[in-house]
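Please go over the structures that come below.
Shared between the two complexes below is chain A, which pairs with chain B and chain C, respectively.
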Partner chain A sequence: MKDPLYITSHGILQRKGNTLYFVNEEGKKALPINRINEINCYGKVSLKSGASSLLMKEGIPVNFFNMYGYYEGSLYPRVQLNSGLVVVQQSQHYSDPEKRAVIAAEIVEGIKNNILKTLRYYLKKGKDVEPYIQDIEKEVIKGDVAQIMSNEGRIWHSYYQSFNKILKNFEMDKREIRPPTTEINALISFGNSLLYVSALSEIYHTYLHPSVSYLHEPAERRFSLALDIADIFKPVIVERVIFKLVNNNMLTEKDFNHDVGVLLNEKGKRIFLKEYQAKLETTIKHPEIKRKVSYKYLMRLECYKLIKHVLGDKEYRSFRMWW
Partner chain B sequence: MYLLIVYDVDVNRVNKVNKFLKMYLHWRQNSVFEGEVSISQFKKLKSGLKDITNEDKDSILIYNLKDRKNFKLEVIGIEKNPIELIL
Partner chain C sequence: MRVTGVMVQYYVACKRELWFFANQINMNYDNDDISIGRHIHEKSFSREKKNVNLGDVSFDFVKTGEKNTIFEIKKSSKLEEPVRYQLYYYLWNAKKLGKEADGVLVYPKEKKREKLTLTPEKEHEIEHIIKDIEKIVSQPLPPPVVIKPYCKRCTYYELCMV
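Moving on, here comes the complex of A and B:
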């Protein structure tokens, strides 16, 4: 399996001897180009033209984040998997409100199910999350896209409220972004932006068009299908990483910068990234394809299911944790 | 599969082998490379090395460790190049 490269320090990426070098004050480091599938830059990273052309040739997207950890944009290689048919069908499923609602509802069902699984896991461990579970179970997902989105909003709201019961330290007041005002908000924002690019790079490997989405509005300047896919996996990947890091005291006050809002500092980012990456690589036996797949690959499977749905092969059923 | 490659080649070809392997594996220290490859990459790697080197004079050892979990690395002295994809 190819791995993503994360860069949190400042430096220059250059091409030498047909591979990639990262150069900074500490020295030069050769990176095996054939082992990398995406590059995420959190520090100030310059790309030399040789490096960018090599990366585009190899089909490796480079994602840039600003100092707050927000996604800024990508250097996205020429789309190698092109299928007009899929894009046309995908768009038709968006423009027909009924067809769109079917997919959107299915996505929210997935979110609801995965959140409930996560909460029940903590209920078993003796955390008092029963009322939140009941709140979320009450949500009936139906109607048009606007109603489905308000369902989704309420589910997330109850879920974020339950954090105070699960986490041993740090308070979760309310979800706030740009800039996050508490440590937990900072962690959620950072984790979500990571998951967003992971989903994006999985979509890149399929025929789907990344900006035609169903739950989120296909806003300009954003690859909103990645948001759709990422939402299903947030409770499975991002929040579980956060709970682990906080409850095991792997992240403490010292790993945050308190400036305008609260943000992870470089050391904190590294700790988070390491844990996040380990989570993505965790494998699980898939009951249908009967082999072990990583959490990351589950996102790819989600894209394949969507393609089958829009082409009319097999109805889309969103990912629900089965373990 | 997880590979450990150690080479001892003629001085004229040392740089060529080093450059070639850097595309696939992590450079550990002089003439030692390590890293995970897929089966197709392994084939490309072997045929590439055969093209560069002279099989009558050079020697390259490939330890195929199957999995990262099968061995434990201990370092005495300085570790020149830790394998990291979080920089």
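Moving on, here comes the complex of A and C:
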């Protein structure tokens, strides 16, 4: 089993022979390249050319994040899976507005369902989230892509408002980014960018093109299909991690820096990453596959379903938490 | 379109798998079965001639005695029927090229061998299979999922089930 590697401090990646090292003030550390499937850099990390060629040869992408934890870009190995047929069909489903709306609506249905599942869980635990549930239940997802996007916007808005009822600590004012001004916003931003990269790496293992998306506009700087896929899983992965970390006091005031906006400090990031990784690796028995799959792998399956949809093999039905 | 032995094998095992494979949608991205197969191959027959090319297809091994023999070396006998047809297809090819041969399936791990002879019926069947393969592969959609015990070991399993 291969895992992502997260680097939270500053340093240099270099190669000696077939070994990859991370070097910083504290010293030189060999990295187990056979057990890594991606490297995520949250500190300032530079790569010597030997290191980058080794990583590309091994098919290991390197993702870079800025000090706020936002995704900046990736060093990507040459695409290994390529199917003209899938990419052509994938694009056709984007360029035909009706076909695009079908997929976009399905994605938002998934988001809605997973958010409701999460809120109902907290309702059962005695949190006063009933009004938010009602607001979200009211959303009827239909129309063109613009309408579907406003459905989506309202759903997220109600959901984020409900955080104040769920969280024992910290206040959720309004969702703000660049830079986040509250702890919760910092946590959401950090978690979302982690999930974005995880979704991207699952897409990378399929034939879908990461830039052709349905709910999000294909953006110039980001692989927007990863945004589409990640959105469905945010309530299942990111927010559940946040609620746990905050309500169990695993993250407190002192794990943040409060200078330009509010950001997790290095220790805070490590705590978050550990919990996030554990969440991704959590497994669940899949009713159709009849095997245990990890939460992370559920994103791969989402890609498979999209492939089948664009090929005309089976209509896409987005992931809805069944447990 | 060029029909290959693997395609004949998939045709017998699963027509949907054949479609995916022939339309270049492969799943064995992180599957090490292929290298294992190669490894067994090299260990078991290291001193004999391997991979002879005849026209469009390459065979695992050909020995020329009174009659040519085409050997097909396999990791396990789990897929017997599809593999048999793959070999029949090779025999049919060889015959077309004027090199009539018998076939032997070898399972080194299980110390098992099986001899195959191309009969007129089999020839006929192979010809029909080739035509059918061409038809299936050129269709715009993959054939529907038909669940069978073989699915569990298939690289498309997860793609098919979701």
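Here is the rule we use: the second predicted complex is superposed on the first by the 322 of 323 C-alpha atoms of A that agree within 3 Å, B and C clash if a C-alpha of one lies under 4 Å from a C-alpha of the other, contacts with A are read in each partner's own complex, and residues count from 1 in each chain.
As a convention for this text, a residue touches a chain if its C-beta (ideal position, glycine included) is under 8 Å from a C-beta of that chain, and two chains touch if they have at least 3 such contacts.
These figures come from a predicted structure and were not determined experimentally.
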Thinking of the overlay built on chain A, is A:308 touched by chain B (first), by chain C (second), by both, or by neither? second
On the A-aligned overlay, A:277 touches which partner chain: chain B = first, chain C = second, or both, or neither? first
For A:289, using the defined touch cut-off, is the partner it touches chain B, chain C, both, or neither? Pick first, second, both or neither. second
Which partner does A:320 contact after superposing on A: first (chain B), second (chain C), both, neither? neither
Regarding the shared-chain residue A:83, is it in contact with chain B (first), chain C (second), both, or neither? second
Does chain B (first) or chain C (second) touch A:207, or do both, or does neither? second
Per the contact definition in the header, classify A:30: touching chain B only (first), chain C only (second), both, or neither. first
Counting contacts the way the document defines them, which residues of chain A are shared by the two interfaces, the one with chain B and the one with chain C? none
Within the complex, which stretch of chain C touches chain A? 23-26, 29-30, 140-142, 157-159, 161-162
Complex contact set, residues of chain A against chain B: 1, 3-9, 11, 17-19, 22, 29-30, 32-36, 270, 273-274, 277
What residues of chain B sit close enough to touch chain A in their complex? 19, 22-27, 35-38, 41, 81, 85-87
Footprint of chain C on chain A - complex, ascending: 80-86, 205, 207, 288-290, 300-301, 304-305, 307-308, 311-313
